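Chain IDs A, B, C and D follow the sequence of writing; residue 1 opens each chain.
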């Protein structure tokens, strides 16, 4: 019987072979160490993401999330829903709040769910994985499992937007959240202070208006470099992807020489917990994290 | 043991700032007996920490001197410093207040000669200057301090330093064995004049107070401009002691904000307009002030003060709530980012120093007033019959400027007098 | 109506009321006190093409500038970073209002034609509700091979595809892009249920916010 | 107090005085030159033992006059407190050892300085008599309240509640003032969300039911004569008969009038009835009685209304009101709610440049927004008719649209308050030209303002005005400082304000009025020398009837009697001594502060001969600001010249030029005068004291010429209490300048 059990909501990008499958891999290894049992919500569906607004409108978006709530509640009663993706977490949390605040919306949601033979009886809690680590475990506990401290490695903790605003992690500061830096330090690494910690990466604009989002990504990477970071670490798949995979384009456009690996906190933790490069999903880096690969090899 | 003669015809005034002093003096000069309780070691309160007043640009210590003269001349007011009211029982015309008195470790023999301060080496934060500098652990709270008597910081009392101080005093003024005591005082009516405190600027995250040294609050700025202050009146910015010539003022720092203080603090606009004068006073040639505002609230007779500042070429106004402040790491300057809403103009302006026109929080907030009192949603004491003979005065009752606070305190004094007169008639 | 009267027709609350009825969180627009902290907090605001920041959009709504607002690109530039929400001194859900305005303009069919984010949003949603989960490959292919109006455009697709070649190869190497997604890939089992559920939801929504009595007719 | 005077001097050796000074020598000075009957020194004079010694001398030796040679008169006042005894203090600590270096070279001059201060202290105390209090008191305890609006009624009710009878005079036929004409008022309690009943009916009922309050309606003040505690007031009633009342003190609550909207033709006022001012809107709202508000022109229900803020206010051009009335934003918000509460579909727009809703007004503002009132930051240019409606043409400052327009059924102009303060007694008698050019539109008939109080005072029938017709007051620390003792103004006549503030103000003014009559009864002074029992007396046989005292008194305390001699009304007097300073023949004095008490000190100083190279500089320092500044300089151990001798004065206004000429004749090399800032932003606690003093001193030049001395030998400087860092330098510079100039030839005459 695992110490902690959660209804797992991986989200579209964290599926096998999807754009953040390496996130999934490392989360699984991390959870093994921490003795966390994640049970995937059966037949979960997409949260609609923020960008969903354009076409979907209000109710359909909430209904999509409501379906996941209902599925979680029926199949995994009493378990909090845990999302690893910032957008999934935010979308779900938002829908939960709205439905809870409007009886009208709740009624409509139930009516729509009925079409899929579902119903919300109890509204489950929606948590982000980082939230779980900080609140249900705490840094001391997370530190207890460290076997190989990430000594001498400098990371820029890139929190970004959606794990930070508007909800954020309880007790954190919107402008300068510290939890990610603390995780890095707990794993024995060094978190460099820099001023782009919560700058937006451009989010969905990365697809539709790349030049706009890439301008923002450039600022983030530049500042990370300027403040001596060797790698960037983030809790958000979209941030990870945006900041990592467009470096080539940015180099072309701004004639920069960016080549900085962008990782997930779960990858660092897996490694610090003694996991292999594979368990940490390092093979999933578009920009290889050589230093970490060597570290894992040792 | 502190002994205080008080009866049901006595008026208890809580708070020794300008409102409390006014209430006490007006009542005493009308022939009533008053006990004035102040929690810090000397009277004067927050106004005594201001350099100048708007709109006359005169000095608060000038009025304080008069009030102290009135006090020295008036045997009807009994002043207790380092004293805090911890409980009030009873009802209108018959209250008993418990007052906790913290030791000063210096008795009335003190002549304020300063020998103890010369002897002591330990330095402690100077609260009168909002901790912007340090002072000897044996200190006179400020140049105007009344009672004019030194204080020993409790941190040194039971140390060798304490002994040094004691040894240095020829007049047996230092009593290292003084202990905290609680006395109870009878009163027919209570005037609650505990004033206000600056809102915690660190809570306004985008402005980086606490993260950026050169972001300070308006109350701290007053100390920088004051010749009695930590810099002797030079506006030196905290990060590197460089003279600040290009200064920005951000209005509604905490006020008019659902995330912080819901009310408008009333004084901040005028305070910033006033403080632009400080910048010009210190740097007539190349001083530059910028005020970021939502609405300039230069109310009633103050309007022409605003018009004069507007006419000053060294001051610019930008209608905008600054979105965030960042730091220029190379220069130490702070950069205000935002949009001028008059016609949508974006800006990122670099300043030597940014002053947050910090909001006014009633001091009663958080402190539980030991009597069940009706507050408004901002924590100010409301005028309400349910309060019996406990009357709010000054900034404990509303966000007020000095002039209005004094009016409010004078009115509170009359309300208190009405109660004790009734008692007197009953007892006669 | 004379030009003057047309002018004057503006600044009447007609459009504001329309927004309150039709737009998600639209009832908050009237609460803005024009401090501008949202405008200053918006990340894309500091880039070209961002013609009206939120606070200005709100003022335009109050001023009855219906066409200018609904046809504006501005709302479509929201990156959902939520800076405006956390800083607004009136706690106005600005991000959602911007989304709501975009969606309303889209529903009315007067949102800017060829607005890439508008197109992507449509594409994304259809992609994700098709099987219940996003098919990233199809999504990106769609993004490249369909123009903003949703029409297939091979030439453009190949061009964009080439631009993105390195990215794609990178992801492929990293096993973060699965070519076989093109033949199905991730999907929910109960697609029927999802479809029915969403159909119902759309019905209900259009009942709650019937366009007919809205400004669309005007 | 027995005429038998016994003088005692006490010299303290504490705080380093013993080490730094030759105390025995000081004792000798006090005995030989000071001619003190008893002289003692003490190691630690201010402690229980030292004070006991003094009290013992009072008891056993019958000492009546005490000279303390110790610290500043501002220090240890609790210890050195001997009621009913004359007290002078020689400032040896802050005045001498703390401002002098502790060196052997300095020792001689330091000792000389100390000895002079002992001489001065002895001379002063010998010239003093113990103040006995003003005998010319009055016992009237009735308050006169002028004005029957909420301010006046509050004053009446509060006074009655405190146990004082009230006479309330209202010029109209009903109580309530403007407030009685309101439909609703701004809320003053949580929740600050909606307009509430103005509560005037209750208040009027309370006043009418109060046996302590006597109300005169349709009545005016025909004559106010006398002084606090003994005013005699004639009240002209409707019937034409005159009622006479004995009054102790007066509260003037004459309120405000609306700014005349006819001066705003550009906003269409007067051209169409559908443009109203705020009072006009209140009338419409009362007529509607909670139902939909109809517009005047055609009785059509108002579907859209626009509020124009700052109409004729905040106008730097001088054409209209310069100031902001402070209340109009909340009033317009309230009035917009009238419409929204009756019918939410009405379009209500407030056009403002700065929305001013301080304190919880912010809640009221938010509440209006929730109700759908629209706020537009803009500047209105014109209001013009447009097809049966009105078109408000303005510059939208947010969208920067100069040609923005709002069509409205009704337009409300927020025109603000004009104080109703009677005659401006300081106004030049000559007909002033019509204000600006703007009002010229309507040909102006100059109506002489009607006096409100009709005071029989020499200086005029009403209280002096401050700015823009608002009645005078110090305005910051001491809002109730008045230039007409015992007469306190309250409410919008002092400053534009809403009802809540007005009622608070009225309550405060009532206390001050009660205080004034109580103090008058005891013969004590009012603020700032509250409790002072000294009062001015005049030797009429010496008076030349030059009238300077009657003209200059900042408080209008002095009238002229039928024989045209000055008539002092002591309980109007504030003891500043300006009259004493003004008197060319020096016949005015106070028991403990006179031409002599200061003159004697000046003469007592030992003047070294002109070859000694030791100049003497007299400093006459305002005791409220300059003297404390010198004290604080000393506490900071900021050193300054040993050549100066400082004499505190009550006010620069009390400085009589004779002191200066005597000093120069006596061989002083220079005189520094330290007074407070004068002029519009005056910082003088006697309002005009320092200004009048300066004016007088500007004439000293001729005297100097007469003596053919350099003009620089008299130096008048403005000193603020914060100058403790700069003051010592200024003193030293002046001393150097004097040395440069050479010593005065008048020594040893």
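The working rule: a residue touches a chain if its C-beta (ideal position, glycine included) is under 8 Å from a C-beta of that chain, and two chains touch if they have at least 3 such contacts.
Not measured: the values here are computed from a predicted model.
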Most centrally placed chain - per-chain CA mean versus overall CA mean: B
Selected pair, greater C-beta contact count between A-C and A-B: A-C
Centre distance in Å when subunit A and subunit B are each reduced to the mean of their C-alpha atoms: 47
Inter-chain centre distance, subunit A versus subunit C - centres from mean C-alpha coordinates, in Å: 23
Intercentroid distance (Cα basis), subunit D paired with subunit A, Å: 67
Between subunit C and subunit D, centroid-to-centroid distance (C-alpha), Å: 63
Touching two or more other chains - residues of subunit B: 206, 256, 319, 324, 341, 344
Subunit D residues counted as touching two or more neighbouring chains: 355, 377, 398-399
Touching two or more other chains - residue numbers and ranges from subunit A: 174
All touching chain pairs, where touch follows the definition stated at the start: A-B, A-C, B-C, B-D, C-D
Residues of subunit C defined as touching subunit B within the complex: 33-37, 39-41, 45-46, 52-53, 55-56, 83, 87, 89-91
Residues on subunit A engaged by subunit B in the complex (per definition of touch): 173-176, 195
Touching residues (chain side subunit D, partner subunit C) in the complex: 304, 347, 349, 355, 365-366, 369-370, 372, 374-377, 386-387, 391, 396, 398-399, 401, 403-407
Of all residues in subunit C, those that touch subunit D in their complex: 4-5, 7-13, 16, 30-31, 33-34, 55-56, 59-60, 62-63, 65, 90
Touch list for subunit A against partner subunit C, complex: 12-13, 15-22, 43-46, 48-60, 63-64, 67, 104, 108-109, 111-118, 161-162, 165-166, 174, 199-200, 202-205, 207-209, 212-213, 215-216, 245-246, 248-249, 283-286
